[in-house]
Amino acid sequence: MDVALARAWLDAAADALAARTEELTSLDAAIGDSDHGVNMNRGFGAVRTALAGASPAGPGAVFTLAGTTLVSKVGGASGPLYGSAFRALGKALPEGAEVDAAAFGAGLRAGLDALVKLGGAAPGDKTIVDAYAPAVDAYDAALREHGGDGDGGLAAAARAAAGAAAEGMRATVPLQARKGRASYLGERSIGHQDPGATSTWLIFQALADAAAT
Amino acid sequence: MKKFINHPDAVVREALVGLAAAHPDLRVDLEQQIVVRAEAPRAGKVGLISGGGSGHEPMHAGFVGLGMLDAACPGEVFTSPVPDQIVAAAKAVDGGAGVVHIVKNYTGDVMNFQMAAELSGDEGIEVHSVLVDDDVAVEDSTWTAGRRGTGATMLVEKIAGALAEEGADAAAVAALGTRVNEASASFAIALTACTTPAAGRPGFELPEDEMEVGVGIHGEPGRRREQLRPAREIATMTLEAILAAKPVAAGEDAIVVVNGLGATPLIELYLLYGEVAGLLESAGVRIARNLVGNYVTSLDMAGMSLTVCRADPELLRLWDAPVRTPALRWGV
Amino acid sequence: MKKFINHPDAVVREALVGLAAAHPDLRVDLEQQIVVRAEAPRAGKVGLISGGGSGHEPMHAGFVGLGMLDAACPGEVFTSPVPDQIVAAAKAVDGGAGVVHIVKNYTGDVMNFQMAAELSGDEGIEVHSVLVDDDVAVEDSTWTAGRRGTGATMLVEKIAGALAEEGADAAAVAALGTRVNEASASFAIALTACTTPAAGRPGFELPEDEMEVGVGIHGEPGRRREQLRPAREIATMTLEAILAAKPVAAGEDAIVVVNGLGATPLIELYLLYGEVAGLLESAGVRIARNLVGNYVTSLDMAGMSLTVCRADPELLRLWDAPVRTPALRWGV
Amino acid sequence: MDVALARAWLDAAADALAARTEELTSLDAAIGDSDHGVNMNRGFGAVRTALAGASPAGPGAVFTLAGTTLVSKVGGASGPLYGSAFRALGKALPEGAEVDAAAFGAGLRAGLDALVKLGGAAPGDKTIVDAYAPAVDAYDAALREHGGDGDGGLAAAARAAAGAAAEGMRATVPLQARKGRASYLGERSIGHQDPGATSTWLIFQALADAAAT
C-alpha cells in the first residue's frame, strides 16, 4: 500500500458514503437519530478536502490526517470512533512511502483495537464492531492463506474483508442493540440493520475496489 | 419538510448568526461554533461548559449567562460537538480555576467530551465532568449505553451554575452537578416524530391515535407505542415511571419541570402541569419550584417530558439564585 | 387530533388549574375565569386588563404581573371572553384610578369589551380602551372589520404596563398604548394549519410545498397561498410588507419581535431573526431591542410573525422597566 | 306567542344547533376560526339550562333571559350579536303571558335593529344580517298578506321567515365578506356560506317548526 492507494481508498469511501447518505440516514432513522449518513458524508468530504491540501509522505500520514479530520469534523458517536480507528491505523503503520499487506493488516487491527477501547462494544452489540472485527479477521485469514506479496495479496485480502464486513453488517439485523443510541429502543432495535456496521462495510468495500484497480 | 431554513447544511450556523444578533451580551464564535458568556474568562471562577447536538433549543446556548453556563458548544443537529469546539470553549472560559463539562449520557457526547478533556488537560486546564443520565425510560446497565441525559440537564446547569457563580471550586461544582443528576428522574412522551433538516422527513410514522412512550430528545422512537390517552392518564403513567425510580419520597420537596418537546403549545403543558401537581400532592410530595415551557426540545416534535428533582434547602437556594440567560432569567 | 387534553370542553379550565398551580403568585379565579395579579387592586394604580380567546399562550395570562397586566380574561379557544369576565376583572383590579382595556381588533373582542366597559361604567369604574390593530396583512378600511390585532399586543401590554406601574393615570396609559399600536406593524406566515380542540382537525389543508401568507392568530387561512420559500426570502417578503406600512424609517430605532406561532422550534426563529436583523441593518434601521420566541401563538400552528415597532427613548425606557410575569421577566 | 311557544322555539333551536355543531364549525373553519358551532351550542345549551330553572311570566321575559344568557356564555362575535338581538326582542314585547303575531314581528325587527346597531353590518356584508333581515321582512310581508290572528298566522309568518332566511343564507356564498373574521380573507371568502347566516337560518327554522306544532 502506497500513498496513491491510501488516497484512492479514502476517495472511494467518500464517494460511496456520499452516494449512500440517504440510505445510511434512513437506517439511522429507524433505530437512531437520522444523522449517520450526513455525519459520514460530512466527515469523509472533509477528509477529501484535507488530503487535497496535504502532501503526506506515506500511507501512515494519510490515515493519521484522515483520522484527525474525522475527529474534528464529524462529532456524534461515529466521529470519535472512526477517527480514532484511522488515527490508530495511521500511527501503527511503519514510516515510509510504502507498507506491505501484512503491516497494513496489523494497522487495521490496531484501528479496531482503538475503536473497541474507546467505545467498549463487543461483537454482537450491534455496532461498527460487528462489521469491522470480521473484516479484519477475514483480511488476516486471506493473507495467511494466499500470502501477501504485492498489491495482489492486499487486493485479495481486502476483497475478503469487504465480504466479511457485508456478512457482519447483515448479521446485525436480528440483534438487539446494547451500545449506542439504538440500545435505548431495547427490543425494538431488533429487525433493523445497524447504520454504523453499514458504513463500515462501505468503507471496506471501497478498500477492495481501490485495491482491485 | 416545512421549515424556516435556507439549506439543511446551514441551519446551525445561521441560527447562531441570529442568536448573536439577538443577544449582543453573548459572544458567538462562528468559526469555532461556540457561544461564550461576555465576561468570560473570569479569574478564579470555574468555567461551566455544556454542549450537544443542536435541535434542543433553548438548551444549551440559551442557558449561557450569569448564574448558569459560561459556554455552550452546539454540534450539528442531533450530533454531539467535536472535541475542537469543546477545547476552544475551555480556553475561552478558563479563568485558572478549571472547567466543568456537563455531558449528557450519549455515546457520542461522552466520547467527544472525553477526548476534549484530554486535549484541554494537555493545555494545562483542569477538567471535571458531570454526566447527566436522568431518563428512566431507559434501563440502567453497565452492559449498555445506560440511561440518556434529558430534562435534568437544565437543572444541573442552573444549580451547578449558581454554585460556580458563588466561587466554588471545580470539584465542588462537579460534585453538586452529579448530586442534582442523581436526585432527578425524567420520562417523555411523543405525539409526533420530528424532522431533522438533513433527513427532510419524520423519523417515524405515528398513526393519529397512537403515541410513543419513553422517547428521548433525538427524535428516536420510544420504548413502546401505545394508544393515545387522555392527559390525566398520560400524566399518571409518566409520573409512575418517574416515582418508580424514587427520585423523591412522600414528605419531601421537589423541583418539577413540565417541558415541551418543541411543537406542543403552552396551553397543553399547563394542563399537564395541573394534572402532575394534583398527583404529586396526593403522593405527599411538595412542589417547591416548577417550570412549565419549552426548555429541552427535540426540534418540531409534539410531546412533553416530565422531570422531578428532589430538592433540599441548598438546591433551592441555588435554584433561586440570580440567573440571566436568553431562556432563564430571574433574580436580576 | 393529538393533544395533551382530557376533553375538548375542559381545556381552558384545566389549563387554568395548571397555571394556578404553577404560579402561586397569580390569583386564578376559575369561577369567573380570570387571572389576576396577586397585589391587585392597588390604590391609585390604573388596572390594565386584557383578554381574548385562549390558544395564544403565553398571551395573555402569561403577561399578568408586575409591570404588565393586572388581569387577563381568557375566553374559550379562539373565542373572545364574555362581558361578565371582563367586568369581574375590572372589579378585581380597580384601585380607584380606573382600568384600561387592551383589546385586539376582532369583532367579537371589540363588542364584548365594549359591553363590559358599559357595565363597568355602570358600577362606577372609569374605563379607557386601547384597540390593537397591527396586522398589515389586512387592509384597513372603515367598511370592513379593519386590521387584526396580533403580535404588537404584547408590546402594548409591556409598555403601557410599565407606565401604569409608574403611577400614570388611565388616560395617559391608554394614550401610550395607542401610540405603541400606531408605531407597530406585524405580518405572519404559516407553514401548517392549527387544530382547535373543539374542531378536532386542522382548519385547512396545506400541501407539503406551500405556505399561507398573511395569516392571523386564529388558525384562519391567510391572504394567499404561495410556494414555500427559503427563510431568507420569507424574511424579505415579511419585512417588505411591514416596511410598506412605514412603522419605522431609516435612521430610526425599532423593537423587533420574531414570534413563533406555537409549533415552530426556536432554532428556526433564531435563524429568521438573523435574516431580519441583516435586512433591517441594510435598511438603516437600528434594532434597539428584540425578542425571539413563542409569545403570541396560535395553538399548534407552525409559523412565525414579525412585529416591528418604532422606538423612541420613552418607549425604550418603559420596555426596559422591570417586568415579572410568567412569560416575560427582566429587571427584577 | 305564549311562554310555551317561546320555550319550544328556543328548545328547538338548541336541538338544531346541537345537531349541526360540526357543520357550523366546518363552515367557520373555511373562512373563520372553527368555533361557531361550538359557540352556538354552548350558548343555546346554557339558555336551555337557564330557562329550566326560571319561571318567566311572558315570552318577553323568556327572550330577555335568553339574550342575557347568550351574552354571558357565548363570547366571540356571535354572543353579543345574538344576545343583543334576543334581549331587544324580549324588551320590545309587551308585558303579559301572550303576545300577538304582529307584536312578535315588531320584536323580531327590534332584535335585528339591535344586532345591526352593535355589529354595523349591512345586507351583503356576508353576516347574520343576510339571513336575519330577509327573514324579518318575509315575516312582516306574510302577516300583511295573510293576517296575523292566532298562532296560525304566526306559524305561516314564521314559515315565510325561515324560507327567506334559507335563501339569504345561500345567497351569502358568492359574497365577499366585509365584516367579521371572514373579511380578513378578502377575495378568498368568496364561495363559502357564512356560518352566522347559517345559524340564523337554523334559529328561524326552529321558530317555524315550533310554531307549526
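Chains: A, B, C and D, in written order; residue numbering restarts at 1 for each.
Keep in mind that, in the parts below, a contact is a pair of C-beta atoms (placed from the backbone, for glycine too) under 8 Å apart; a residue touches a chain by one contact, two chains touch by 3 or more.
Just so it is clear, the structure is predicted and the values come from calculations on it, not from any experiment.
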item	value
Joint neighbours of subunit C and subunit B, given as chain labels	none
Inter-centroid spacing, subunit C versus subunit A (mean Cα positions, whole Å)	55
Centre distance in Å when subunit A and subunit D are each reduced to the mean of their C-alpha atoms	75
Subunit C-subunit D separation of Cα centroids, rounded to whole Å	32
Topology of the chain contact graph, where touching chains are joined (line, ring, star, complete, other)	line
Chains grouped in pairs wherever the two touch, ordered by label	A-B, B-C, C-D
Residue ranges of subunit B touching subunit A (in the complex, touch as defined)	53, 75-84, 106-108, 111-112, 115, 137-139, 143-145, 148, 196, 198-199, 203-204, 216, 218-221, 223-224
Subunit D residues within the subunit C interface of the complex	25-26, 29-35, 37-39, 42, 71-81, 118-119, 178-181, 183-186, 188
Residues of subunit C touching subunit B in the complex	1-7, 11-12, 14-22, 54-55, 57-58, 62, 191-192, 208, 211, 228, 230-232, 234, 262-275, 277-278, 287, 290, 292, 294, 297, 299-300, 302, 304, 329-330
